[in-house]
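Heads up, the next two complexes both have chain A, just with different partners, chain B and then chain C.
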Partner chain A sequence: MGKSILVIDDETMILDAIKIIFEDMGYSVQTTPDPVQGTEVAIAQDFDLILTDIRMPARNGAEITEAVRAKKPNARILVITAYPNDPLAERAIKAGAVGLLKKPFEIAKILDFLA
Partner chain B sequence: MTEHGKRSILVIDDTPEDIAILNEELKDDYRVQAATDHETAMQILRSTPPDLILLDVMMPGMDGYQLCRELKAESSTSHIPVIFVTAKDAAENEAAGFSLGCVDYITKPVNPALVKARVKTHIELKLAREYLEKQNAVLRENALLREEVEHIHKHDLKNPLMVILNIPDLLIRQPNITADQKQYLKMIEDAGRKMLEMINRSIDIYKMENGTYDLHPTCVNAIAVARQIVLAHTHAAAVKNVAIELSLNGKPADAADALNVTAEELLLYSMLSNLVRNAVEACPPDGRVLLSFSSGKAGIIAIHNAGAIPEKIRGRFFEKFATADKQGGTGLGAYSARLIARTLGGTISFLSAEQEGTTITVGLPLAREGGAP
Partner chain C sequence: MPSIEDRSLDNLIRGSEELIRDLETGSPAQRSAAALPDLMMRELEKQVTVPLESFAEPSTDGQVEISVSRDEMLVRASFHPPTGDGKPLLLEAVQDAIEGARITAGVDWEAVKGCLLTCNEERVDVREVVIARGKKPIDEIPPYLVLSDRLVSREKKEESLGARVDFKELSLFTLVKTGEELAVLMPMQDGTMGATVRGNAVAFSKQRIPFPRPGKNTVWDAGRVIAKCDGRFQVTADSFWIDEVLDILGDIDLRVGNIDFPGDVVIRGEVRDGFAVKAGKSILCTGCIGAARIDCGGDLVTQQGIVGKEKAVIRVGGTAEAKFLEGCALDAGGPVKVRTSILNSTIHTKDRVEMGERGIIIGGIVKAQNGVSAAQIGTERGPRTEIHSGIDFKVEQKLVWIRDRNIALAFKLREIDSKMKSGAKEREVLAPLRERIAAAIHNLNESARSLVSGLDRNEGADVSIRGDVYPGTYIEICHVSHFVTRPRRSLSFRLDKAQGKIVETKWEKISGSAAAGKAAAATPAPRQAPG
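Take a look at the complex of A and B:
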């Protein structure tokens, strides 16, 4: 079975794009535009990689990283942001995120974090 | 009108009788305060600043002109209109008062109707001015807010761009894709990249305007950058049969020539590219655009073409949205060129006349010997 990915982003077009590209490569992809629900799923299930946007209403990517890593210290979380020099992205890295991708990025770059 | 809603007037006069006369005329319509000496006047001005001051010029122990000068020099009172009340009616005295910033004169003995009329006029003027100032502040605030929102939208545009830039690649790798289809997909991707460049440039401009641009200068050969720009404008120049030439210290520049300046290569490219594009567009057909490089205290790049900048925009050439109704012109070319020149710690200026054409001169800090900035 292929590796599994969870993507959390309030922009559904980002979810759709990552989903079709990674399913095309044989990955299993779950997506949600709801950051609160995304946090629950990330804690309840195991993923090889969790991708989360930083700037979202209701809950930001740094808070998600902190909440998930508090429950699952080995969770691999990759944060994505449209803003360069985003202090929330730095906070997510401090909370243990494995990396940061700045939009728009080549979706294949996510592979670097799945090795 | 309630006592509280009334506009207030401060009468400064050493003669209680004169104060009483003015009070009688004004008390129905205004809240009248009075001071017979400098100290009391200052106290009232501090505690309950009036909307208008009626100031006696001739007072023993207090010079009305001097007091007016003080009021105008102090920021908390400079906006309060002052009307001089004086027995003197010589023209030169009036001129002296106006030069100090008073708005009107009333001569003693006062004519009641005249006092009322003048006070009313000047209070209304003050209210109108305050209203305009308030509106101005609101407009400025709205403009800032709009810029802020636009800035956020620019970042939001990166989301759809993610799709536009990534999906063509996925399609290209599908079986049964024809060469034509591949080319179309490449066109979509290129258009997306172009759009991303525009977004990033406009985000950079916003940061440079704010002074939050994070500059990382290195040593850049300005002539090499210019050669890339010439290549990129070959087509636009060829259409008008315009030649683009480079020179260094007065001689034609050859491939080995360098003018090393301290800059960010992308910013320098963007600035020179704007200026060269403008020069090619403004240059008369069959003409020449000359980029002359020279080094002195700074690295100088002068871009000349024979076309003159239309007179009506010369005065605001470097301002935002200054455009001579150019087809497709955004009016940001020269503006962003100046912004970039300043961000790079350089200078930019222009000379333009019908006979001589237009020369834009950019000065940039020279890179120190050895290449390191």
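Take a look at the complex of A and C:
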């Protein structure tokens, strides 16, 4: 198996699409619509890249980034957002997210950060 | 027995007397050198007795040496003066030497006489003086065309302006009228044979002057080339021609309707809301462009601006020039040059966005592969302004297209998978379709991979702001994000690839990706942008 990706997004359709597309490209893709569970998985396991939506109930992407980076300072997290100027996106970048993905996602950026 | 002191005294007296005697009886030379020791005096005496004649130079007559170049086009001479009682160098002797060297033409006798005078009077060598030249042939120049001053001076003017944009010019268009003189034929210049100093003939050659040939929509007219129609003058090193121009003397509105023309289009008015102009080549519009659709293969020059009302869609193959852009979506293959402002617009360019001296960008999204230069980005009120650079937007658009189709296919695949679980029949029917969809996704993914690997990134792209950049501005260079969180002034944002961060450097008055690289090199320690 190739590099591993974790995707946290409450939109299950997008989760499915990312899983199908990136598994076809040879990546190992794990998905969860639950941000709390996603945070735990991100901390418990090692991933080459973590994609997380920014606006989710229960826990937002900035909080996930802060929680994961607090435990794993080298974790590479890309935040999925509708607007790059979303204050939460800004907060996630400050917390150590490596970049932003515009919704639904950007193939070039994901491949760039996996390279 | 005399004492030691006495002997010593005797010796002293005797020696002194000898010295005095020597002085009294010796030669004047010896006398003048009285204080010198004996041995030295004897040596001096020998030298004095050497006869003066032994130092005298031998007597030789004046001489001349002549050399002829290999191509017989140049003769040099060296004049040597007489020595001793030798005879001076005479003109006859030089004439004999010249004849002896079989030189029959091109001798500069004035030069020869001058050299003789110097040589004989001043008794100095006069060396390597050119005294004869062959006659060079004059090349034959076949007829050639010279472009008219008006057209040529325009080219020079553009060169002198360099990268600066003079927005008052119809900078990308040179319009000509039917019958206007484009070029004049210069007549053939005959060649003339040359001759060597020995009288041998030297053939002339042909000197071809390169010039562009008359092309489309030009016609010969008594030794000159004129325009066959009204249009846009175009010239390359090889050819010049006239592109037919659709010249619309007024607005694009209900009276005129939409335009679709294969060549250049000149609109001497405005393009009204809801209309479309499509040109195979360039478009020049003297007025404003409204919420219209513009598509041109070449450049777009609007002497005013675009008031798009969030509906204008502009596609430009080359350069886009405007005074201002407002509420429009513009894609350009070349640079986007805007004099005053870009407001709430989506601008994509494969080159650079260059704003005028006070040009501001407020709101909207700018994606410029080679970077952005502006006087101000954002305002104190903090409207969202996104600046992306370093990435080829066309590749990105293709990837978005692939992603959207992939998502649609993935949804279908999930649906089929769900259906196939309900029974054997469904599995049998849907299995081939499932395979086809999976194959389609795979093919799209392969295309995406190939596009990403060939993505023409410019890691030297910069975002340079002469004046202020305000919070609310988001900058992304080669996918690396940066938020401006406090007002900043006069700086450039660049990618520090090693750190994977955007850093800021002091603003410099340069533009372009190459210049950006230069600036980065000249700035020793960029620091991470504080945001």
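Keep this in mind: the second predicted complex is superposed on the first by the 110 of 115 C-alpha atoms of A that agree within 3 Å, B and C clash if a C-alpha of one lies under 4 Å from a C-alpha of the other, contacts with A are read in each partner's own complex, and residues count from 1 in each chain.
To be clear about the criterion, contacts are C-beta pairs under 8 Å (C-beta built on N, C-alpha and C of every residue); 3 or more make two chains touch, one makes a residue touch a chain.
Everything numeric here is computed off the predicted structure, so don't read it as measured data.
In the superposed model, more residues of chain A are touched by C than by the other of chain B and chain C. Contacts of A:I20 after superposition on the shared chain: both chain B and chain C are touched. By the touch criterion stated above, A:E11 is placed in contact with chain B alone, chain C being left untouched.
Of the two partner chains placed by superposition, only chain B is touched by A:K103; chain C is not. In the superposed model, A:I93 makes contact with chain C only, not with chain B. By the document's definition of touching, of the two partners only chain B reaches A:A82; chain C does not. Once chain A of one complex is fitted onto chain A of the other, the partner contacts of A:L114 are absent, as it touches neither chain B nor chain C.
When both complexes are overlaid on chain A, the residue A:V36 reaches neither chain B nor chain C. Overlap of the chain B and chain C contact sets on chain A: residues 13-14, 16-17, 20-21, 24, 83, 85, 104-108.
Those residues of chain C that touch chain A in the shared complex are 384, 386, 391, 395-396, 399-400, 402-403, 406-407, 410-411, 413-414, 438, 441-442, 445, 448-449, 451-452, 455, 472, 474, 476, 479-483, 485, 500, 531.
Those residues of chain A whose C-beta lies close enough to touch chain C in the complex are 13-14, 16-17, 20-21, 24-25, 83-85, 90, 93-94, 98-100, 104-109, 111-113. Chain A makes touch with chain B in their complex at residues 11, 13-14, 16-17, 20-21, 24, 82-83, 85, 103-108. On the side of chain B, the complex with chain A involves touching residues 155-156, 158-163, 165-167, 169-170, 196, 214.
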